[in-house]
Amino acid sequence: MSATTWSGQVPAALEEVDLRVDLAGMRLKNPVMTASGCAAAGRELDSFFDVTDIGAVVTKSVMLDPRSGNPTPRMAETPSGMLNSIGLQGPGIDSFLATDLPWLVSRKARAVVSIAGSSLGEYAELARRVGNSPGVSAVEVNISCPNVHNRGLVFACDPYQAAKVMAAVRRDVPRDVPVFAKLSADVTDLVTVAESVMAAGATGLAMINTLLGLSIDPVTLRPVLGGVTGGLSGPAIRPVALRCVWQVHQAMPDVPIIGIGGIRTGLDALEFMLAGASAVQVGTIIFHDPSAPIRIVTELRAELAARGFTSPSQVVGLAHTPTADSLAATDLEGLRSP
Amino acid sequence: MTTSAGPLQQRAEVLSLKRVGAYHHLTLVAPGVAERFRPGQFAALAVGGPESALLLRRSFSIYRVRDSGTYGGTVEIIFAVTGKGTAWLADLVPHDVVDVVAPLGRPFALPKEAVSCALVAGGYGSAPMFALSGRLLDRGCAVHMVLGASTESRLFGALEARRSAQSVIVTTEDGSVGIKGRVTDVLPEVLERTGSAVVYACGPMGMLAAVAQVAETHGAWSQCAVEEAMACGVGVCMTCVLPVIGEDGRTRMVRSCVEGPVFRGDRVRWSDVGTVPEGTLGAPSGGWPQ
Amino acid sequence: MSATTWSGQVPAALEEVDLRVDLAGMRLKNPVMTASGCAAAGRELDSFFDVTDIGAVVTKSVMLDPRSGNPTPRMAETPSGMLNSIGLQGPGIDSFLATDLPWLVSRKARAVVSIAGSSLGEYAELARRVGNSPGVSAVEVNISCPNVHNRGLVFACDPYQAAKVMAAVRRDVPRDVPVFAKLSADVTDLVTVAESVMAAGATGLAMINTLLGLSIDPVTLRPVLGGVTGGLSGPAIRPVALRCVWQVHQAMPDVPIIGIGGIRTGLDALEFMLAGASAVQVGTIIFHDPSAPIRIVTELRAELAARGFTSPSQVVGLAHTPTADSLAATDLEGLRSP
Amino acid sequence: MTTSAGPLQQRAEVLSLKRVGAYHHLTLVAPGVAERFRPGQFAALAVGGPESALLLRRSFSIYRVRDSGTYGGTVEIIFAVTGKGTAWLADLVPHDVVDVVAPLGRPFALPKEAVSCALVAGGYGSAPMFALSGRLLDRGCAVHMVLGASTESRLFGALEARRSAQSVIVTTEDGSVGIKGRVTDVLPEVLERTGSAVVYACGPMGMLAAVAQVAETHGAWSQCAVEEAMACGVGVCMTCVLPVIGEDGRTRMVRSCVEGPVFRGDRVRWSDVGTVPEGTLGAPSGGWPQ
């Protein structure tokens, strides 16, 4: 058992660490993926690292029709984070399936396709189109984008609406393709939303999406973003994202979780896995460091090895076990960063 | 797959940082950039140091590259201090290290024939023009420069321009040096005198719009390097878009980091920048905001 | 009208700026206060600046009985922020009224007393005791502390419970003493909570409290904080706090709002006022810079003057008016930081 | 009201930064600190530079102060690199500026009579001991030092100790220098030999607990400087607490930044640090965590 390995405290050799993971039936080279909207469809990042060397590429949420997105400015830098209001600009599903997906498939990259709809019907239609396309490893359902110019509650904020989306999508995606619901932290009771989408047929959860935020321009004295409010991402939100993963894993220890939010280093990725994530996604930090995903793979391997772990599966949820607690921290001083 | 033509990411040592009027001239040791570089491309620098709260890279036109020499390859930029990131850059000292990604973006398109060209720049917008004029001269083109700024200290490269061009006109808005006025006040005369077939421009959005207009009136092509706020600089985030008319006549919100920063002046919907004009691919009916 | 002043763009002289504000009937020297729990009861900060020179001192939330708080570690640094799990350690209301409050009163500082209870009865009792103490300028009701070891929903997360607390407190505080409800952003629908506490008799709103977060220790592999989860504060949360102020001011433009969350500079304070806050509180940044509150007063004066404003009241909510938008940003380049 | 006895906050220039074994010795120009300083107090330094994502100050025992001289008043600390903030400090160069608040906290209490004192330190915990020994010697006390560390490079000030004390014993856990073992292995013998009435200690929590125990056994007072994680360092946040028994016999969670860092060893409930022991003022019944 992992806790034993850990308390043994014999660092493993880097080669001993086998980073492969089984995520809800998906076999991945390693648990590090790109986050939706932060890697387009993988192609641009391929000049910084080999996109087949990471766990998966999660593509920018695609909608049924082409979409122009919001007016600019679409970004504002904030302390250790940024706001964005892209407004889901994209080519629409036809162009995506004709161009973007085939490129990923031809590169033999793992493709997780993120879909976003503005009605149940759209989600169902997208699920059908994507689910039946060869080369799709999994579907991620973006029910939580706060940027879209739809002043109603977003699906993710209502357990009932969220479940209806998931049920509609699940119905139209082949059984062997996992479906992940991507949750928003901007809710009073995340666990209820999580339970409700799982009950509706989700294979697992991806969390979190951006937090709703705002920034004001000191010159115009108006909101910076063309879309007024925007989504906050980056290291600033990491503690909130970790808390969400912790809470949901605590409530539903068997549900596969993909941890997302401000991951910058392999140590950050490890923290998410300890809190209960089986895999992670790297988002905003790609803008700071376009080779971050592959760097994080390397760093995660080193962090695991230093602690005597040989597989990511050994650490998933470990922070919830009191066993780890009983270790005398003094023996481990060497592990303190840097 | 990493291609040899693509951008490089590296931790570059500061070779020198000097003041030039209101600007700073930064030289970084960045081997490999020169070999890939074409004029009009830019570099994206991480700012704030290892514990920085500033997450996003800052983009700067590449002023000059050298492919070897005493210090290995170098890349040079000219920048103005306008905020936290540039303030941090202005405090660098030799041997400090900056993470840089370069070269990025589409360069200026070069004419196939040895035509006459007008290079028009505002403020630090002249930075990319010298590398450009070098390539144009190599191809036998005639180069005519028009450099403008609000005031003398914000004019960059006026001396260097004399070595790089057949003719140079300088304008300042306060008349502190050269002709009092804006580049577009003198551009029509320049185009007529030189018969330039192509106008290259870099500077503030308003200037680019006006230059593109003048070029069009005079039947010249224009190539404009825009400056839109960029989160990633490499094409993955969609923050840096502006409305551009495609070959098919359709307006699209196009990424200025990878499909620009250089655009054909007649393709950009200058007066609609900051909006999503009606009829843009995927726009809500009526455009956005209304 | 303020927008006219602004569009005039004639910078004012520093002496022309009159920082006094009327906050729900409270006359303050300036709109800058300390945030509850970040300034104790003012005494310690008095060696860094004169506590009578700021708008008010908001005291650490006091409970009925003395309270030990949570075990240590009680803090974790996070990117541009920190987590805390103090657990409302405090001396109890008797000692507070006997020692802390009299010191503030004797110094002639403006005292806003924050109260926290674990039942309606406790809130009512605290309201009675505090409301009848001389020298209390206002009462702030902390209904949103996520640290307390009470696994139920906190009051602030339920509009109905929040309103009941406010009604109980309002009943027992003299009419001429304003009562502010302090809200949490960890809810699906903040405006509903805000409306509900206003309907229950609050004079105004203070927002936001910390966001719920978590951090994991890379050595012990367990949550860092003794209290497991903790409250996230500091510049990292500023965009979320600004969004909350914006949303609530948009929905209820006449409600006095105190803006709180990651304020570090006078410009940050100005942003909150533009979004709709009539005053601001400075919290975590005090730990970084113990003289921050007075520095922010000075900086706010300069920011107002530079934009041609002569009173804070001219900017409250200004970012919501389209007028400011029509200004040509190019004329104002000089105002861009630094 | 700002009192002349209180701490000062100032932007201090780096005068020098030197390596000393595994540690760094930082000297800052900070006029006014020396006049206020008493041994055992600490300084809180802002870290990471102007765009820092590191919000909290780092605390360090004050090693030495000078009230004037060529550079105006200075304050000196000795630190180990253990994380991001100390790594940033270790990269400082002369003329860099650090925001510092000092002096903070309660100093070591000095004996009224000229008694014999034992000063016990682990690792960089010896930093505050030299200023202390100076004051004790001034009062006619005899000073005996016991300095311990895991290994030689982590021993600070062994040479200086010889100039500052009547006797010095060094211990290292690996035996690389001095006696192989821990300070508490030799302390009983030192107390017996010197008849010390007071034991002063600074070092890791475990060492302090053990030292306090030895002192008590030998009927000596102990004064222990603790090191608890501090968010504010000035008494306003309540992060830095530990369970301490008051005059009234009641345990309270007490702030180590303003009511410490120096505590009477017999007052601190060493084995309960990190918990809220049952019976603590305001504790839930059964203590916390259970």
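The letters A, B, C and D name the chains in turn, as written, and every chain counts its residues from 1.
Just so we're on the same page, a residue touches a chain if its C-beta (ideal position, glycine included) is under 8 Å from a C-beta of that chain, and two chains touch if they have at least 3 such contacts.
Here the structure is a predicted model, which is why all the values come from computation and not from measurement.
> Identify the chain pair with more contacting C-beta pairs: A-B or B-C.
Counting C-beta pairs in contact, A-B comes out ahead.
> What is the distance in Å between the mean C-alpha positions of subunit A and subunit B?
35
> Taking the mean of the CA coordinates per chain, how far is subunit A from subunit D in Å?
The answer is 44 Å.
> When the C-alpha atoms of subunit B and subunit D are each averaged to a single point, how far apart are the two points in Å?
Between these chains, centre-to-centre, one finds 55 Å.
> Using the touch rule from the top of the page, what residues of subunit A touch 2 or more other chains?
79-81, 234-235, 336-337
> At which residue positions does subunit D touch at least two other chains?
Subunit D, residues with two or more chain partners: 53-54, 84, 87.
> Based on the touch definition given at the start, go ahead and assign the chain network to line, ring, star, complete or other.
Topology of touching chains reads as complete, every chain touching all others.
> Quick check: in the complex, which residue numbers of subunit C touch subunit B?
Of all residues in subunit C, those touching subunit B are 79-80, 235, 330, 336-338.
> Provide the residue numbers of subunit B that touch subunit A in the complex, in ascending order.
Touch residues, subunit B against subunit A: 1-3, 6-7, 9, 46, 53-57, 99, 101, 228-229, 231-242, 252-253, 258, 273-276, 280-284, 288-289.
> Could you please specify the touching residues of subunit A with respect to subunit B in the complex?
37-40, 44-50, 60, 65-75, 77, 79-82, 84, 86, 89-90, 92, 149, 226, 234-235, 284-291
> Along subunit A, where are the residues that touch subunit C in the complex?
Within the complex, subunit A contacts subunit C at residues 6, 76, 78-81, 83, 153, 157-158, 186-189, 211-223, 228-230, 232, 234-240, 242-243, 246, 262, 264, 267, 270-271, 274-275, 303, 307, 315, 318-319, 324-325, 327, 329, 332-333, 335-337.
> Taking the complex as given, what residues does subunit D use to touch subunit B?
Listed in rising order, the residues are 47-54, 84-85, 87-88.
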